[in-house]
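Naming follows writing order (A, B, C, D and E), and every chain is counted from residue 1.
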Amino acid sequence: MSDGTASRRRGTRRPPILLVMLGGFGLLFLLIPLMGLLGEVAWSDLPELLGRPVVVDAMRLSLLSSVAATLLAAVIGVPLAWLLAKVDFPGRSLVRGLVLLPLVLPPVVGGAALLFALGRRGVVGGPLHDLTGLVLPFSIWGVVIAATFVSMPFLVITVEGALTALDDRYEWAGATLGAGRWTVLRRVTLPLIAPSLGAGLILTWARALGEFGATITFAGNLQGRTQTLPLAVFVALESDRAIAVALSLLMVLVALAVLILLRNRWLRSL
Amino acid sequence: MVEITVTGLDAKIVVGRGEDFRLDMELRIPPGRTVALLGPNGAGKTTAVMAIAGVIPIDGGHIRLGDHLLDDPRSEVLVPPERRNIGVVFQDYLLFPHLSVVDNVAFGLRSTGTGKSEARRAARLWMDHLEIGELAAARPADLSGGEAQRAAIARALVTEPRLLLLDEPLAALDVTIRAHLRRLLADHLDGFLGPRLLITHEPTEAFLLADEIHVLEDGRITQIGTPDDIRLRPRTRYIADLAGANLLTGWASGGTVVVSDFELHAADTQTEGPVLVTIHPRAISVHRRQPEGSARNTWPTTIKRLEHYGDRVRLQTDLPIPLTAEITPGAARELSLEQGGEIWLSMKATEISLGAA
Amino acid sequence: SSGERTELLVSAAASLADGFIAIEAAYEESHPEVDVVLNFGGSSALREQILAGAPTGVFASANETIMNDVAAAGLLHEPSQVFATNRLAIAVPEGNPAGVAGLEDFDRPELLLGLCARGVPCGDFARTALQRAGVTPVVDTDEPNVRALLTKVELGDLDAGIVYVTDVIARSSVVDSVVIPDEFNPTARYPIAVIARSGAQDTATKFVSFVLGAEGQAVLADRGFGVHE
Amino acid sequence: MSDGTASRRRGTRRPPILLVMLGGFGLLFLLIPLMGLLGEVAWSDLPELLGRPVVVDAMRLSLLSSVAATLLAAVIGVPLAWLLAKVDFPGRSLVRGLVLLPLVLPPVVGGAALLFALGRRGVVGGPLHDLTGLVLPFSIWGVVIAATFVSMPFLVITVEGALTALDDRYEWAGATLGAGRWTVLRRVTLPLIAPSLGAGLILTWARALGEFGATITFAGNLQGRTQTLPLAVFVALESDRAIAVALSLLMVLVALAVLILLRNRWLRSL
Amino acid sequence: MVEITVTGLDAKIVVGRGEDFRLDMELRIPPGRTVALLGPNGAGKTTAVMAIAGVIPIDGGHIRLGDHLLDDPRSEVLVPPERRNIGVVFQDYLLFPHLSVVDNVAFGLRSTGTGKSEARRAARLWMDHLEIGELAAARPADLSGGEAQRAAIARALVTEPRLLLLDEPLAALDVTIRAHLRRLLADHLDGFLGPRLLITHEPTEAFLLADEIHVLEDGRITQIGTPDDIRLRPRTRYIADLAGANLLTGWASGGTVVVSDFELHAADTQTEGPVLVTIHPRAISVHRRQPEGSARNTWPTTIKRLEHYGDRVRLQTDLPIPLTAEITPGAARELSLEQGGEIWLSMKATEISLGAA
């Protein structure tokens, strides 16, 4: 063995240089486009811009629909994750694959598929309309459905992973104390996976906030009704790019603020 | 207060686990009695607990608590765990990390419909009883091992269960505090009137806490008896090792026992045929020279290994028969024993106990 | 008070956004009882929505083929009318750094050139013009719509692209243009129609008349569109 | 306590009915759009369609670029995840938020941002072009860069989570046996997080395969050079809907096959 | 073969951990000797191992192995762990789960540049030596505790380290096989020529395996000595508890020792002033009635607690001084002792040993 050559000290050891370089490059990769965006912003117009009704409407709608989509995804996605993790039903691995589908499908195609299925003349939307008079596209319901469709996989994957990794015995402990399966789920299982659940919800929300293709195809682009921020950006791109860029930036900043704030709390565990 | 019917456990548990493990055992525990299920890792102890608690259904046999049939494959009965009213103290306690200690203890009552404040009040009563009243607001992660143990016991007892299952309640603890907590556990269990099952692989725990010991090895019960039975008349090598005794197999005939071609003289002249021979390490005397006197068994050998334990010294010999003897450190020094040294062993005939094999 | 207003959903091609926002304002001023709600998107996406039963009252397409699809599905109240025309121009980055002179430059492989995709009206028209000029284009990208193409020209990533005259007028501060001679330059027609069973056919018909009328045409002419025949 | 009423047995207990209903609804939510898509397919034209050069080219390019993007994401994303998990540098929580940015940014805006930055006259692309003559848009590089940008977050998040959860002491064990940090990374850390790494790579690949908005904005759309399957679908949507639907279906089936195959191996651990 | 310089460890380790823990200890281990670092949970034992191994840098002091300075904040020297050539056997072995056993053992050589087949050959040699040769292809998850221990030792030894650190090498094991493995460990360590540090909180382990014991409590060394020193003359309550002895504090003057107002007579008339009084439980005799005879200390008391351990019985008394006595099960039966019963204790003056407090 060669003698231990002295190396400089204090604090932790320096990470390998190649790793730092590659990681720094990865970071640059994320930063450069943001810089590009920042370079295009007409900063002086920003305050006036953000007060416009179009922008205010879009902002409100974006927040509302992304939160609603996150909640809907929680209500149907968490049980789906639970079934995938805990119940050994036939075709489970097929369903596992299906869950990832909205990730692969380009959102515009996803929106078209939603339209085929849930439009007023769709396979499901038709009967639904005949029975109840409900029209899903061109309403906030359409926006929420489109956003839920594209973002739910994030929640299902995260929660299923956490449930699979969870120590079953806590649930047994709950059961021996007289808690039925439902009570166990509510008072033991969900609190125990709270960090992963939180992380999954944040990812879902972020994806729902940025959703564009499926929404414009399925829900249309109606100011004040279905025009979310990304859709407003799209219209603005037709006329004034500076506005579009400013709106994008606004969206990014809102999202970033929320993510950084919550991430240090929840996303650790992801 | 809820009425408690004090009734015994009567179970025959047949259940497979994984590919090739199968538990097949009977268990009867009268009210107020503690049975220890003692066995090595993987013997099936936890499997038995889970079957009784209702977490895994049995494949054959039955589980009955008093007049309640809890599980019986033949009659298609399976009561789910939450309706069995069986208290379980898990090996590493499994206190819910997201709840305060008082909410952990109150969990059972809350789950069965009691209101929050009333459940907490009842929880606090039990916690005071177990002397952890001041820890109500603490999180499980902040408890010491002993405090966590008491919280787990309080949590199990607060629902006034009809049967208490304790799965290695001391295994998670540091050796130096285990003795102390063992005493406390004995105290805490005193007030519980139902049958109790204590799972352990620590003989001391079983000897100290149980009225009766069932030894479980590889899914089968190999011995049932009082702590003294188990200690003095072990029936398998595993139990003998636990009890610290030498266990040999031989052939007895009129007071002579042949063990691997070597003849021992026993006081018991009645037992005949294949026998289990138990010899306590303290009953073997060690000498530098051939001893004179009344001991009927005496032979020379060499020390294969010499080990110092706190206040005693154990020495092992291999030939003519494998035996472990135990002496005091003083005696060891006096005899200036060392590994590989030549010695003589002697043993009175009355110290050799024989049991039918 | 807005609750009493009749709502009219107008689906218009995204390239018409600027003009239709102005028309909406003008129309609502003269018809306070009507609330025009604009829905901008790609013509094809709008078609899918209408085919799927969207409550669209008026459909203004940038593409006659797409309007024909809707007609074929029997969803038009009455046949569509052309409300505007457009012609093509070559968009080049400010200062025309590659020195593009006309359609004949579209076969120079060393240049970065873009067209709209085939099947997209501006793409089909551009290919018609090139064919008339006897040029076989060597392009680097088939953009899905004019805006995407124009953005790349503005940023200098393309040396030239064929777009509509209206587009280079709207973006004259950031792009320059090269004229395409009339003999090669096809005319794009923008059809508009009232959608059947929308439940607001009267209102819709009035809106279409407004677009075809003097006020609507003036707004469109301001933006470089040719007015309808 | 009430008497234990007998309940039927055999096998595991039935899961709570509400959970099954909600989970089933969640599954329906994923299935219905797929059914809508299937309902629109002209099955008889399919074989001819899939043999067309456009389709073959797009398929080849999609597979090539999605795999390349996954590899690039691995090379720069894994080190970034490692730095985030292991090195306590200033601004770490900001970077943690930044990593999620491409998730929030509508892909078209992301593509525009890439263009602003890496275009021929962009902040970075300009100097790059002047120095090397390299033009990133309109080439397969552009496709790969766009796909990497939108899909890298999946890898970084998954790997960072796994690294944070990893028992450090395995790495110490490696070090005491004489392995430098680089060797430890290669021979201990990465193999230990292999399941999460695999899961992250699959998610990344799936997202890259479905990528549309950023690609068309940044890389353009030229058959055989930058036209991936989603782009072909989009263009087909403009002219022939049947082709578009058939192509979408093809893409979904390929992705589903790969996901189901790999998921049972890797994604468990996610 | 690599050349090994057999050299001793010389360390002064000052390092903080978390908010309020600080380790400050010196440690010197000559080549070929085993020092046991014995201490309760959280005393800082693992921290010491990590500092010596180089995983955490020390804040003060120095770590020197032979003439190699490994860590010294003042001279800014810090050799990273991979260049220290120190073998570590971790508490739960930390065998790499993704590698076969032979590749685990070969890991060190592979990491330092040896080719695959040669590293495997060397690994197999060590594995054969430790009698796990046939497990080469197995995965760590399939090993029993004893096999895993040997694999971990082989993995540490194959790089021919200059110092061996063993962090609770037996803690992960079932009590019933621990004794067996302890013996094997002693054998396996015999061939290693460098200094060895054994971390443990099991006194038996320390007594059996170490040449010298350092007791670490709350970051400080509280006693250093041979196993006999530690056993016979414990200096803190913790050590006395471990050794099973009674440790009291009192005031000695001319052979009389006052312990909580009670007078004991000791044979040692020299020691004066505040003293530590050590009394072994076996040195205390138990009687039903007041004993006659030569014992100079004798008094009546009541049994506070009676505990049966395999082959001995411990009884505790509280008044006038808290003492634990140990007798045989036979004696206990003969005296028909029971909890709460009245007894007399006696003790010879020679059995009371005094040390300056």
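Some notes on this structure:
Throughout what follows, contacts are C-beta pairs under 8 Å (C-beta built on N, C-alpha and C of every residue); 3 or more make two chains touch, one makes a residue touch a chain.
Just so you know, these numbers come straight off a predicted model, no measurement behind them.
Both subunit C and subunit D are touched by A. The greatest number of inter-chain C-beta pairs in contact is found between A-D. One finds 34 Å separating the Cα centroids of subunit A and subunit C.
With centres defined as mean CA coordinates, subunit E is found 54 Å away from subunit A.
Shared interface positions of subunit B, i.e. residues touching 2 or more other chains, are given as 80, 83-85, 112.
Looking at subunit D, one finds that residues 13, 112, 115-116, 122, 180-181, 234, 237 touch two or more other chains. The set of subunit C residues that touch two or more partner chains comprises 45, 48, 151. Put simply, subunit D touches subunit A in their complex at residues 13, 15-16, 18-23, 25-27, 29-37, 39-40, 75-83, 86-88, 93-110, 112-118, 122-124, 148-149, 152, 156-158, 160-161, 164-165, 180-182, 185, 203, 206-207, 209-213, 230, 233-234, 237, 244-245, 248, 251-252, 255-256, 259-260, 263-264, 267-270. By the touch rule above, subunit E contacts subunit D in their complex via residues 50, 53-55, 80-88, 90, 94, 96-99, 107-108, 110-112, 155-156, 159. Subunit A meets subunit B in the complex at residues 167, 169-170, 172-181, 183, 187-188, 191-192, 194.
Residue ranges on subunit E touching subunit B, taken from their complex, read 40-41, 174-176, 183, 201-204, 207-208, 227-228, 231, 238, 241-245, 280-282, 305, 307-311, 328. Listed in rising order, the residues of subunit C touching subunit A in the complex are 9, 11, 14-15, 17-18, 37-41, 45, 48-49, 51-55, 147, 151, 154, 170.
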